[in-house]
Amino acid sequence: MPPSPPSEAVYNTPNYLNAEAGLRSWLTTRDHKRIAIMYLVLTVSAFALGGVFALLIRLELLTPGPTIMDAATYNRMFTLHGVVMIFLFMIPAIPGIFGNFLLPLMLGAQDVAFPRINLLTVYLYLLGAVIAVWGMVQGGTDTGWTFYTPYSTTTVTTVAPVLLGAFIIGMSSILTGVNFIVTTHTLRAPGLTWMRLPLFVWAIYATSIIQILATPVLGMTLLLVAVEKVFGFGIFDPVRGGDPILFQHLFWFYSHPAVYIMVLPAMAVVSEVVQAFARKNIFGYKAVAFSSLGIAFVGFFVWGHHLFTSGQSTFASGIFGVLSMFVGIFTAIKVFNWTATLYKGAIHVAAPFVYFLGFLYFLMFGGLTGIALSTVSLDVHWQDTYFVVAHFHFIMVGATIMAFLSALHYWWPKMFGRMYSERWALAAAVLVILGFNATFIPQFLLGNMGMPRRYYSYPEQFWPLNVASTAGASLLAFGFLIVLLYLVTSLVNGRVAGPNPWGSRGYEWNTPSPPNAQNFPETPVITGSAHDYQDELAGEVARAH
Amino acid sequence: MNELNELMRNLLWLPPQASEYARSVDHLHFFVFLVAQLGAWAVVVTTLVFIVRYRRRRLLQSTEHVEPRAIHEVVFIGLPLVLFLVWFAIGFPQYVTLQTPPKDARDVYVLAKKWMWKFAYPGGPNSTDVLRVPAGRPVRLLLTSRDVIHSFFVPALRLKQDVLPGRYTQTWFKATEPGRYQIFCAEYCGLGHSSMLGEVVVMPAEEFDAWMERERLSNHPAAQDEQPVASEDVDPRSSLLEQGRRVAVLQGCFKCHSVDGSQHIGPTWLDLYNAKVKLETGKTVVADEAYLTRSMMEPNADIVAGYKAVMPTFQGKLSAPEAAAIVEFIKSLRTDAPSPAPQKGPIYAPIPAK
Amino acid sequence: MHTEAAATPNLAHHFPSLEQQEHAARLGMWLFLATEILLFTVLFTAYAVYRFLFPAGFEGASQLAHVAIGATNTVVLITSSLTVALAIHCARQGRSRATVALLAVTIAFGAAFMVLKGFEYYHHFADGQLPGKYYHYAGLKGPGVSMYFTLYFLMTGLHGLHVLVGMGVLTWIAIRAAREEFSPSYSTPVELAGLYWHLVDLIWIFLFPLFYLL
Amino acid sequence: MADTAHARAHFGPVHYFAVWVALLVLTAATVGVWKTSLPPWAHIVAALAIAIVKASLVALIFMHLWEHGGATRLVLATSLLFVALLIGLVLADNATRFQYANPPYSESWGEAPFEEAGPPMQVEPGPVEREAEPSR
């Protein structure tokens, strides 16, 4: 017998959203859930900003010659797009929003280990974002997000504020990582052993390791570029014996693992979603859990595959190339285990699950093109062409944004206590996935043809595919707009969700929706692993479809 | 076999294959492509089958606990690993070949600068943006840059090599098909990045020898695209300045702008760069590169106080490198400018070891 | 014991016991120190690369370093590490007065280090032994020489900045110790500040041979 | 005091003073080795070996790694592993590169091939010259 739908009265019980009122209570909050909501607002705004730049770039590339802007503006646009999307959205989004919101709930803790530092990360992020965006708009930074020397140290545009901004955002990222690792080590509820940890926690933990070990390297490297740009100390200056390839080594020592900072949280999300919507425990818990650590670890050994054509030695390219093959394995294990989880499951196709399917598809093709790129000789042709652009957009936008949307739709009722329109959600999911393919599949082909990236104008043979890509981008933008609209309206008139609308057995669903300010009235004691759907539970409630 | 090659090449939108190396790289490409498609679609189809077969029948349906056996995970790891390593085992030797020029290769020096390619044959002619090579003979390129990092990219040869300032990188190829093939700059290098194009002209070997002999004997440059480096081997910036001045003359900039500080229809260019300019709107801006470029493209966006909005837009009339050259020229117009010291250009001594 | 601890004012609401809170704080501090190590690693890597590329330039330039001052500074920092270790020991025993005194001595050593470093910088400035394009010392020229000074100033400069920050942190801890905020059951902040100071010492232990002796 | 929260603290002032003396001796040793006329590689090995011993003493005893162990030791070990990784792989690249892809006049160029014309960019001239031999 379907349970009666929860009423508005349920929604109005005390929770973290209405525990305190007023802007001040938000700005000084130390509640991990409220901090998560602040991250949600900030990173989604950054995403919108970066998306506008992306659309402008695609519009400019609609015709071979100048279309809507000049070369100088175009160069600024793709720099802004890259910096905003990577540093302000991809890296902080899932850890900042869902890591913060869910980690303590999944561990049975009241908060993260250092709540004040957690709040500090928000302000560091904000400060870094303001400095970086101000610097880019004011100084017209035109280096691309990679800041390659000696271009970045000799360009007449202002670069130092952006570098400083990225450094500050890096500090925010580091502190988030420290917080999550310490929380996982010290605040697990009684009975929650390492082998019972939700897979989300494992992957976020692995992400934090990368954040801690890699981000300082980027921070220092960017500071060195800033010092070089402002004072001319010559550490990467070819005139004074400096080695520009050294910069590339240092940059990619962070920036390759940074790809895993972006994609591991996505894997964290889908490991939960697949279990909840197949109502089945994960196939191969240990394999999925340890492959997260494997990615974090081996991800550090492969940065040189960005340097195959840079003048790096053949020997080094060989080492980095073969190690890159191994990092692909850990992703493959996950893909196979997620697929196998569906076997003998009870699959319910809702919006989060559709996004999971999109994630799986994009991760597979994005990942396989990545392996193909590490097949050294092929990279020589593809390096710095649109093939690479399409590849990393498949991983970052494809896989990570799919997982982000999946998470948003899965935990939305937990975060806000209300359901969105499922019909609109399914329609938007299909539109986003189609639009994404239409945008980036032409770019793979452009790369095969040999169109280099960061081109303001291009020979006419590249025209048709560029038009196709721009058309796809508009579809994609339209899809995102629909998502934004129905999610925002659901906050006002969405159906009250009740504590567990999906009938999920993740630990975080053992709280009311939205959760109380203290999460749990008393510390829970864990007696089994999460997402165990073997037996019927008395009194289990889910929303009627 | 050849038909299959052409079919796959067209299917993947790949450019023509101008060398044996390009053909072998493409064959690896086809292999990787087919294997990856097969594997990925197998997973996609399996997923879809599971979704239909195991759809949820009751709201709170319970499911069987399924644990993998060790053999599952071994297959999950082993199968892709073997495939990936096979790809690598084919791809890496190809890369080693590309990195190891044969001893009998002819050397050509490549000098990249914003935003052009210069090619110099030791003891022979020089050329700009056009690289002539003989078909069927190996050519080694020794590349260096005058300013920032560029990247020498010939899609038809499946060849790319970054060009670094202050040092040499090398690559080589043996083109087999006579023809003209596009050169791109593949490493972002500023305003003119996308117009830093060139051409590889692969000539039949006898024709090439004849051309080379002719070039050696004649002292004057043969064609427009073969300006000798020697005539411009001064500071790369000064050739850019010269280009800027020339473009400015051609576009008629000096009808309204002076270069000596005198008043005219438009503001003078002398000491304009980095000067604080007061606008009609009352705002003050610094005349940096962005401002100067914008003033050419959208002249009415920022009108200088005391002048009329009469300047036409040069959007579409000036290419990006031309605009940049004019900016460079404006930058050089300073009352306190030091006279440019003569600087010696590269004289290409052969690199002893290969 | 845990129920007693729950009543202590220094225990945050979300920790079950003071001991666990201390464990969390220490782990957090070590993770932070790891990021500091990686921060310096960038410069150590640059040092390794350029020293490998320009052995003659680096050997020549390192002979311009003031070994006497460097060695003295090494002794100063090592001794300050000793005093801060003793300060932590005293704080754990609840001897606030001794803690404050030892911290003051540590800060004084830090200041001495900075003063000596200042003399050294002054000499290099006066001789024109400066980083990158500012290098104009006539006595030694060649590839890699100015790179040595670039790295020297960047690495010792960043290290000096850490010394200053460390002195600031220790001052704050000393003030708190003087206010009797620490007790045998709660001395974590002293310990954490000490860890930071030791790290500063640790970095210098490597900087000294690299720039003065090799 | 031993019965309170820090019962596991085994090290006391005696240990600290012993470590301090050891550190001073090692500092003297490293300066001593420097004054000898060993080949350059031996100087590097000796100086780094002594530095590593000193750093270990500080980390294990002053920083209490000896007592605490567990996660904190793992943190330090992991970060050091990545330090080695970064330095090692970057050096491996520089050491095996096409010799003229390294900076001009660096060790791998050997006898500079551009003696007459100078390399294509203005770079600092080699070889290393010094006016007066500074005294060690």
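Going in written order, the chains are labelled A, B, C and D, and every chain counts its residues from 1.
Note that in this section contacts are C-beta pairs under 8 Å (C-beta built on N, C-alpha and C of every residue); 3 or more make two chains touch, one makes a residue touch a chain.
As the structure is a computational prediction, the values presented were derived from the model and not from experiment.
**Q** Grab the C-alpha centre of each chain and report whichever is closest to the global C-alpha centre.
**A** If we average C-alpha coordinates per chain, A lands closest to the whole-structure average.
**Q** May I ask which two chains are joined by the most contacting C-beta pairs?
**A** Result: the chain pair A-B has the most contacts.
**Q** Please work out the Cα centroid separation of chain A and chain C, and write it as a whole number of Å.
**A** 35
**Q** Provide the C-alpha centroid distance between chain B and chain C, rounded to the nearest whole angstrom.
**A** For chain B versus chain C, the centre distance works out to 46 Å.
**Q** Please report how many Å separate the Cα centroid of chain C from that of chain D, as a whole number.
**A** Averaging C-alpha atoms per chain gives centres 16 Å apart.
**Q** Going through chain C residue by residue, note those that touch at least 2 other chains and give them in order.
**A** 27, 31, 34, 38, 41, 45, 49, 53-54, 57, 143-144, 146
**Q** Going by the contact rule already set, what residues in chain B reach two or more other chains?
**A** Residues 99, 164-167, 169.
**Q** Enumerate the residues of chain D that touch no fewer than two other chains.
**A** Answer for chain D, listing residues that touch two or more other chains: 71, 78-79, 82, 86, 90, 94-95, 98, 101-106, 121-124.
**Q** Name the touching chain pairs, would you?
**A** The set of touching chain pairs is A-B, A-C, A-D, B-D, C-D.
**Q** Inside the complex, what are the residues of chain A that reach chain D?
**A** Touching chain D from chain A are residues 185, 209, 213, 217, 238-243, 245-246, 249-250, 253, 300-301, 304, 307, 311-316, 319-320.
**Q** Okay, in this complex, where on chain A does chain C touch?
**A** These residues of chain A touch chain C: 109-111, 113-115, 174, 177-179, 181-183, 185-187, 212-217, 219-221, 224, 227-228, 231-235, 237, 240-243, 246, 249-250, 523.
**Q** What does chain D use to touch chain C in their complex?
**A** Per the stated touch rule, the residues are 1, 4-6, 9, 12-13, 16-17, 19-20, 23-24, 27, 30-31, 34, 40, 43-44, 47-48, 50-51, 54-55, 58-59, 62-63, 68, 71-72, 75-76, 78-80, 82-83, 86-87, 90-91, 94-95, 102-108, 123-132, 134, 136.
**Q** Provide the residue numbers of chain A that touch chain B in the complex, in ascending order.
**A** Of all residues in chain A, those touching chain B are 2, 65-66, 70-72, 75, 140, 142, 144, 148, 150-151, 154-157, 238-239, 244-245, 278-281, 283-284, 287, 308-311, 314, 317-318, 321-322, 325-326, 328-329, 332-333, 335-337, 339-340, 342-349, 357, 360-361, 364-365, 368-369, 371-372, 374-378, 380-381, 383-385, 445-446, 448-450, 452-459, 465, 503, 532-537, 540, 542, 544-545.
**Q** Spell out the residues on chain C that touch chain D in their complex, using ranges where they run on.
**A** Within the complex, chain C contacts chain D at residues 18-19, 22, 26-27, 30-31, 33-34, 37-38, 41, 44-45, 48-49, 52-57, 59-60, 63-64, 67, 71, 74-75, 78-79, 81-82, 85-86, 89, 92-94, 138-146, 184-185, 187, 194-195, 198-199, 201-202, 205-206, 208-210, 213-214.
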